[in-house]
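Order as written gives the chain letters A, B, C, D, E and F; numbering starts at 1 within each chain.
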């Protein structure tokens, strides 16, 4: 019983059966992403009131925070896939990890960028060595490292395994890094810029942020699925099932 | 409704550069990334078709 | 007894060989032949358990080598193209360190005599960096004389060796085989060795 | 056990032969540290303030320099293959290599650091803590670094990758290490930082050799 | 002339293949610069004060890293022999290699420096001068470095020697380069420093390739 | 016409050879023989002007090669043990770059045909790193087919080559010699080449 559960889990874990499945799911996630985005943008620009202390500048939060969240969340998901890949060595897991990395990196970049563009008006500086900022920067480095490592290895199987180890080591470290940076920052408190925390956010703001977060989420899923489909084709190019795919046959 | 006029909307109460600077890049990346992803799949598909075509030629 | 069944090897998009079977027993030696790039080195590395075969399995005394792991390695001596010889160290040091890696202690007299046997007398304490091409190979091959192993896997052992050295080495191999050892080797030159099995790769 | 010692002896011997390994790290350390006053200017107050940071960053970079040569030469000349083929379990041999690496790169830094610290007139206890922190920190650097070195072995552009992979992971070590010294300078207790360093070291000791070996197997097959 | 271009193209091609050459320097630069705040602490005033020093020292170290690999690989695989044997005069080929080295290590630093400068919130003119100073300084570093690389080619422990030989020679560049930026920050004019840098560069351009070639011939026979 | 008189070579404390004379003229080839470590490689490097001889001098067309410098090098093609082949680059790139180093432009067709001639068809765009031992040597040797030079100095050109390649290479050498070229080479294997001069080093 449990046995054949595993079987059909593996069935879905096989690229061959996942490829069409992903194909079916993608449009749905795109539509969801679109809906949430429109709603989120509407709230963030036309519903959410002007902030008392920060004027209109705070509206950046509506993309900044979701981006920041996604960047951290995606890294964990990536590591999880990598772990599965090492444990059960299912071919798909490695591909998923590889597909997630670029999106995660972009999210990290967005959190940095939007953060910087928020920081300039708020703190008068594009960048300060605040705990959150710094750890975001390091997270970005971790993503780049993962991508670079996989790009540098010719053999796909080796790339997957090496990447997996790196991702696992990384995910063990991320909390340590975040904690250490926070510690470092508090150690230097007072001297450093007082980052004036946003006042308890109005519920509308909170809603806006959450809905935007959902939008980012859907976007990320859709995109990862698209990329994983491409990767599957690249990796399985020489297998028969790929050669027999309608999109390959029908020219 | 926060904005009296489009101009006001784009000015963002003086924060225009920063707000639009952030949302702009965000939008840009989120448009470019999907294009790249689909392009990647299209490319590999094209080369696959080419191989298949070549194979059929050889078999003849 | 080393047997392999239905081995196949793929590099990049290129399938080097497939469905390759072989069986070498005590007292036998196998000459792996094939053109440049046929896949000899690849085959030997697979047999040594250094790289995995795409298909097929390899048995040592009837057990898969994957399972045997260290047990198999204790019986194996593999010498490849580039020979784990440190240019900075002297032949003597290279030999003793290699022995320690194998977990066998090697006293100096043994080592020196082995080196002498391979015509390196007078070069024992000269950094390998200064040695000639052939002498470097000899340092590597000297391990054959000191390491006790049943299965020898040698990739191009005769390259860069002069006539004397070739004879000496083949003598060593014959001795090993007649004592019930197994030898698998590749070589493009014709080898002065009696009745060995021959395996053609590729082509 | 015996094999570990053999490996360590071997690597130390090699390091002695090609002096570079030991000395590069050391000199790099000295040079980096002594360059900063030239770049920043001679105000003692300022220099003293940034001394712990500079010393630690320098130590960190010095360790990182050696990393790419931790496995590469053995990979190039086939020694690594022979290690995989040797009957002694690979993990032990790797552990041995890591220890050797620390002895050749980490330890000298620890011994030299106080001398350089004096240049920035750190006082006795600051120097003491600096040494302790480095004693806990440098092995950590070697351990984490080994993973990176194994992952990037024989990979195109290994050198960069290595620093790219390893340095983010070094951040906590740097922070606690430098932090400890700063604490003492500003008259507080450094035990918190030091114990955190120790904790990290414990984790790494348990975890890193294993990861390194796994990575090496992948790199070699 | 043609040969120079050929050599440059060749070295750039190689750098592209083993990405390391280009990126090592670059990433090393980024990472070193972003590590210091973690070691020193986040006070913007302090950071801004030491920014020029940090940026310049980092640039200097980044260049030095690549140096040992400037001739070593070509020496190892016999390419250098072939260069000596080639009918085109060795001097030209060497000049080509130095130029390629600057393009792969120096230029990226120049382009990236302003971005990193922002992290230490340097203002626009400071950034401008930083770029100019680096534009004058990095070729200088490559030229001086090449001599050192040639002198230590194939020498045991070359790595150390190299840094020992080269770094003292780098000091003037460092002082004038960092000085220029500090001048601007403290509101004075940097022309003095910059013109001194330019003068140094002129001398080196005339002198270094010749010295390097001579050193190489010695190293090879 | 390459002549050398009273050459001697010392390495460390060891005197490898002394008072060695040789003369090779157009249409002749010289087989330098000697056991491992006799000093063959050292001799060839001296003849190529890569390392100085302790005593004796070397004349090309009657002029000392030191004086001729680039003039001499234009006529010379030296291929040593490790062959200036970049592992990261493809055979095609290696060949073209080597040509550019020689100051001769080489169009792609020529290069490709040269590689094909050395049995590297299908490997033109594969990084040399992936090639087999013999294929690496072939990439190096392909320069013989593209570089116009009167004097070939080849150190162990036949190592790692399979039988076919050996024949092909010796064919190439014969062709070169019969067209009035000069070839000096070392090899421990017996070479299928007609009537060459023989020079014994050491012993």
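Quick note on the criterion: a contact is a pair of C-beta atoms (placed from the backbone, for glycine too) under 8 Å apart; a residue touches a chain by one contact, two chains touch by 3 or more.
Keep in mind that this is a model prediction, so the values were computed, not measured.
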Pair with more cross-chain C-beta pairs in contact, given A-B and A-E: A-B
Fitted rotation between chain D and its twin chain E in degrees, CA, nearest 5: 180
Centre-of-Cα separation between chain E and chain D, whole angstrom: 25
Distance from the mean Cα position of chain D to that of chain A, given in whole angstrom: 32
Inter-centroid spacing, chain D versus chain C (mean Cα positions, whole Å): 37
Inter-centroid spacing, chain E versus chain C (mean Cα positions, whole Å): 46
Multi-chain contact sites of chain E, meaning residues that touch two or more partners: 17-19, 31, 38, 41, 46, 156
Chain C residues counted as touching two or more neighbouring chains: 81, 88
Contact pairs between chains, per stated definition: A-B, A-D, A-E, C-D, C-F, D-E, E-F
Residues on chain C engaged by chain F in the complex (per definition of touch): 11-12, 34-37, 41, 81, 119, 123, 126, 130-135, 138, 156, 159-166, 188-189
Interface residues, chain A side, partner chain D - complex: 138, 141-142, 144-145, 148-149, 152-154, 158, 161-162, 165-166, 168-170, 172-173, 176-177, 179-181, 183-184, 187
Parts of chain A lying in touch with chain B, wherever the complex brings them together: 45-46, 49-50, 55-57, 59-60, 63-64, 67, 102-103, 106, 109-110, 113-114, 117-118, 120-121, 219, 222-223, 226-227, 229-230, 233-234, 237, 242-243, 247-249, 251
Touching residues (chain side chain D, partner chain C) in the complex: 2-3, 6-7, 10, 13-14, 17-18, 73, 76-79, 81-89, 93, 220-221
Chain A - residues contacting chain E, complex: 125-130, 134, 137, 141, 152, 181, 184-185, 187-188, 191-193
